[in-house]
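Should a chain be cited, it is by its letter among A, B, C and D, assigned in written order, with residues numbered from 1 in that chain.
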Amino acid sequence: MTPRYQGIVPPMVTPLLASDTLDLRGLERLVERLISGGVSGIFALGTTGEAPSLSYRLRRELVTHTCRLAAGRVPVLVGITDTSLVESQSLARHAADSGADAVVVAAPYYFPAGQPELHEFLEELLRDLPLPLMLYNMPSLTKTSFSGDLITWALSQQKIIGLKDSSGDLVYFRRMRRLAAAERPDWSFLVGPEELLAESVLLGGHGGVNGGANLNPELYVSLYQAARDGDLPRTRELSARVMDLSESIYHVGRHGSAIIKGLKCSLSLLGVCEDFMAAPFHRFHEAEREIIRARLVQLGLIK
Amino acid sequence: MTPRYQGIVPPMVTPLLASDTLDLRGLERLVERLISGGVSGIFALGTTGEAPSLSYRLRRELVTHTCRLAAGRVPVLVGITDTSLVESQSLARHAADSGADAVVVAAPYYFPAGQPELHEFLEELLRDLPLPLMLYNMPSLTKTSFSGDLITWALSQQKIIGLKDSSGDLVYFRRMRRLAAAERPDWSFLVGPEELLAESVLLGGHGGVNGGANLNPELYVSLYQAARDGDLPRTRELSARVMDLSESIYHVGRHGSAIIKGLKCSLSLLGVCEDFMAAPFHRFHEAEREIIRARLVQLGLIK
Amino acid sequence: MTPRYQGIVPPMVTPLLASDTLDLRGLERLVERLISGGVSGIFALGTTGEAPSLSYRLRRELVTHTCRLAAGRVPVLVGITDTSLVESQSLARHAADSGADAVVVAAPYYFPAGQPELHEFLEELLRDLPLPLMLYNMPSLTKTSFSGDLITWALSQQKIIGLKDSSGDLVYFRRMRRLAAAERPDWSFLVGPEELLAESVLLGGHGGVNGGANLNPELYVSLYQAARDGDLPRTRELSARVMDLSESIYHVGRHGSAIIKGLKCSLSLLGVCEDFMAAPFHRFHEAEREIIRARLVQLGLIK
Amino acid sequence: MTPRYQGIVPPMVTPLLASDTLDLRGLERLVERLISGGVSGIFALGTTGEAPSLSYRLRRELVTHTCRLAAGRVPVLVGITDTSLVESQSLARHAADSGADAVVVAAPYYFPAGQPELHEFLEELLRDLPLPLMLYNMPSLTKTSFSGDLITWALSQQKIIGLKDSSGDLVYFRRMRRLAAAERPDWSFLVGPEELLAESVLLGGHGGVNGGANLNPELYVSLYQAARDGDLPRTRELSARVMDLSESIYHVGRHGSAIIKGLKCSLSLLGVCEDFMAAPFHRFHEAEREIIRARLVQLGLIK
């Protein structure tokens, strides 16, 4: 039994032309870019995909097209995180109908639920869930974390197949992975922050859900492979390049949105897709765009 | 020019029979209870109304029926807070079509937006908004607060008509009210936590959006009037009774959800509506229900 | 049985000439200013007094001189908050030897203690404590709050005589006061944030430990009296003047230290004492000093 | 130029017989245990050493004896973190007089200082500081972090020689290390949480200040060496053993103090030193002590 997902599963940005309007050509180019870059799957409708900012109509449209474009070459995972269980369930059915491989859920993020309440929530979600479920730990945005006791219970649920951890807390990541080690060798433990990809895989993690892989999938795939193979010199070199990208692109804006803005701006400069952002955010102004352009040149991503 | 809303505007609980199923009979009894209790308006789809936990279909259904049942006797305010601007706009149009008086919006609550981003978000929302807008400050759940600078800008927007503040921070409340004093005497400043209703109105606030008014609207209306009229002995007495209710009913459960659970359980015991809760929460078990029953007897609300 | 302290007990700033050097003349003028302004006591070595930033030697020197200068005209309360119980105990003995009336303690503030640990800490502190003890709730700086259960226990300790609450959370303040109402009518409930003095006293609080009273003790004393006497028009007027002072003086700097810097700068401009600040802070630069000067003119405190 | 400190520098627990009473025999055994275990230095008066809970007299006594006992075999680093600069300076002089090698300082931890204020604080501290200074990033307890800009400035100060990072945030650790890479190859970057020792050293960190090294210094030293040498299989094996120790010993109590209590209890069971804890904490009760004993047997540390 090996983990279902190993390697890089990028949290795909959602290409938009305008408010509530998908950039379908951009999406096509982006999906091809990711697959030809060697990714192990595509995670649609995550945080980097601005999922909570999109209308339900557009979320469905995105899922339909992503599954069609991936065409079975790599699995598609669909984020169904929501504050309303009914909407999560509905989106999960749509994902199944579209041919997605699994769904991904973080804690409901308006009311911070207690652990027993999270437990009941997951039980209710699992009932009739048409696809396997990956948990998504994202405490900075959901105001709560999946506790060790909850993960222990989750290990007993065959439909739950892994954990994506975006807490940035590798101690948590390791503690959860240890809980699963004996019982569920098929669970995938994927790390969110790309700056921790090398470390987590060297110590036994299975890969990353890293935003920067939208921009340079080959880099992240190579880093994953080097770390998995225990090639330390190459891991250090590639990990330094990931840090270069992160330091260059993610801190141009002042707010938390700077990461997604930087990614979309970069993809636009690379000719992949538009950089329109869903409210409450807006694309970078020209000044910031020029900074990003200069940095992409430094990174060797554009000339 | 006087504030559009003065007095008690209860954040109405959403009576449910089951998942995604409105308790229409319960809603009817609840609306009558509130109106006959003397409230100055009804706020549907707020935090107490579990709005983020409801499907969009049910949110629309609730708005339609609430407006129909209120029948112009009191204004209906509709919460359109969401993480997706498109969905907020859509719900605002439905509220207008249903005859609501205004809409209410808190900050988008997944990504914590910076103040300039909140500003742009509000500007975009105001464009084509079919109803007046009340701001809703709820930092513990939205992870951000409307800054003084943002409120100063909001005062220049005729379509924005007030602030509901649920921060629990009366210093913030007073600071914002002072900003508006000269420029916008028509703004309504309403306080969320009922334990602060007396204090805020004595010092010039215009009323409260208090969950407990679902249970005992007369009490909150009387307290508002006493404080507005500067009748201190009566204000102290009624405010102590509000504290009695709050202490009795809101702390039976352990998690943040205890307030809404306590309210719904009480309304169920009073025969007003069902106590089904939307996921991720569940109604109280029998043991907690018996505690609530005993406390309602002590409060004189049931025999 | 009436509360031991009622009225305004200013958290006295600590006048300094230079690092580790008391401004003794300034202290003398300040103590006279407070007493002639009608305060009900002086609280030395609180947060506003920069206590944690002072050497132990200087803390002792300050206590000695403050008690000597007050000369029994008003009680002196001495803050003994520390991370080391041994140092708190030692300072308490010095306070008793100097003639202080009571000591004041917040939770130890490096390690955030659990409630049972706070309980044990207070038990250990009470043993051999030579003076009555007032609790000081300051969660933003100590990372913990005294829970209702802990306050309930504290009510059973005759040596504990009240609570100063600087949480800014009037709901907490009211809940704690209700716990004491029947059992300990002698407890003093004093509120920290001056912007909440009016509200808290109108609803039954006993006074304030308000930094602004260093600057204008008469104003705060008058506001306290008006609120205590239920004179609402005068309470509103004086409370608005306190808001004027707060808005004018406390937000000139960008960091949390702005309040103490503003107070000390103002006292210096009034000729009361030097504005030297203990590390890690520094007095305002000339530009900020000029802003403060202009605002003191507007407030009518200087010509 | 190589970093001054590489390897394991344990944050030594402070053996106590009773309140304000050093366990001198225990200290002697502990120092020998650490040195014979191969540590690269001893860090006295850190968080694990309960420094803020100790009287100044005892802190001085501990420094004197630790330096005497180490007798130049390994360098002694002395924590001078305090809320009062005067006390920090005084302790630094005592450390120099006692023969310590360097001092270590975290941000003053009562008032949360802004970055410019922290900058001024460090400048003032450096003036006349008799020993080299290592920065200590501990945001969970000091409420602030050293920003990248501040670290950039610190790199220009020859007297500052490194950073101990206990944030648990390896992204921060890597970002700061990158800042120093070109300019100050002599800086030491040491990581606090032992669960991250392997990861940080594999990617270029210089060692750890890990509490568990009090208990089993050889294990941590071996792990450090394996990671430094790029021996991945051994790193994984030893890192798993560190996780075993951490999971076994640090979570027996419910509060944040559980780690130090677990360490002291273990050392007591091993016959190294007493487990008396400074207020506000207390040693484990018998039930918890038995749990720890059983786990030490499982870990092979006692029979």
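Please note the rule applied: a contact is a pair of C-beta atoms (placed from the backbone, for glycine too) under 8 Å apart; a residue touches a chain by one contact, two chains touch by 3 or more.
Everything numeric in this text was worked out from a predicted model, so none of it was measured.
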Classification of the chain A:chain B interface as same or different, half of numbers criterion: same
Contact-pair overlap exceeding half with C-D, pair selected from A-D, A-B or B-C: A-B
Between chain B and chain A, distance of the C-alpha-averaged centres to the nearest whole Å: 35
Whole-Å separation of chain centres (CA-atom averages), chain B against chain D: 50
Numbers and ranges of chain D residues touching at least 2 other chains: none
Chain-level touch network, classified as line, ring, star, complete or other: ring
Touching pairs among all chains present in the structure: A-B, A-D, B-C, C-D
List of chain C residues in touch with chain B within their complex: 168-171, 174-175, 178, 193, 195-196, 198-200, 202-204, 230, 232, 235-236, 239, 243, 247
Touching residues on chain A, where the partner in the complex is chain B: 19-20, 47, 52-56, 58, 83-87, 90, 107-114, 117-118, 120-121, 124, 141, 143, 254-257, 278-282
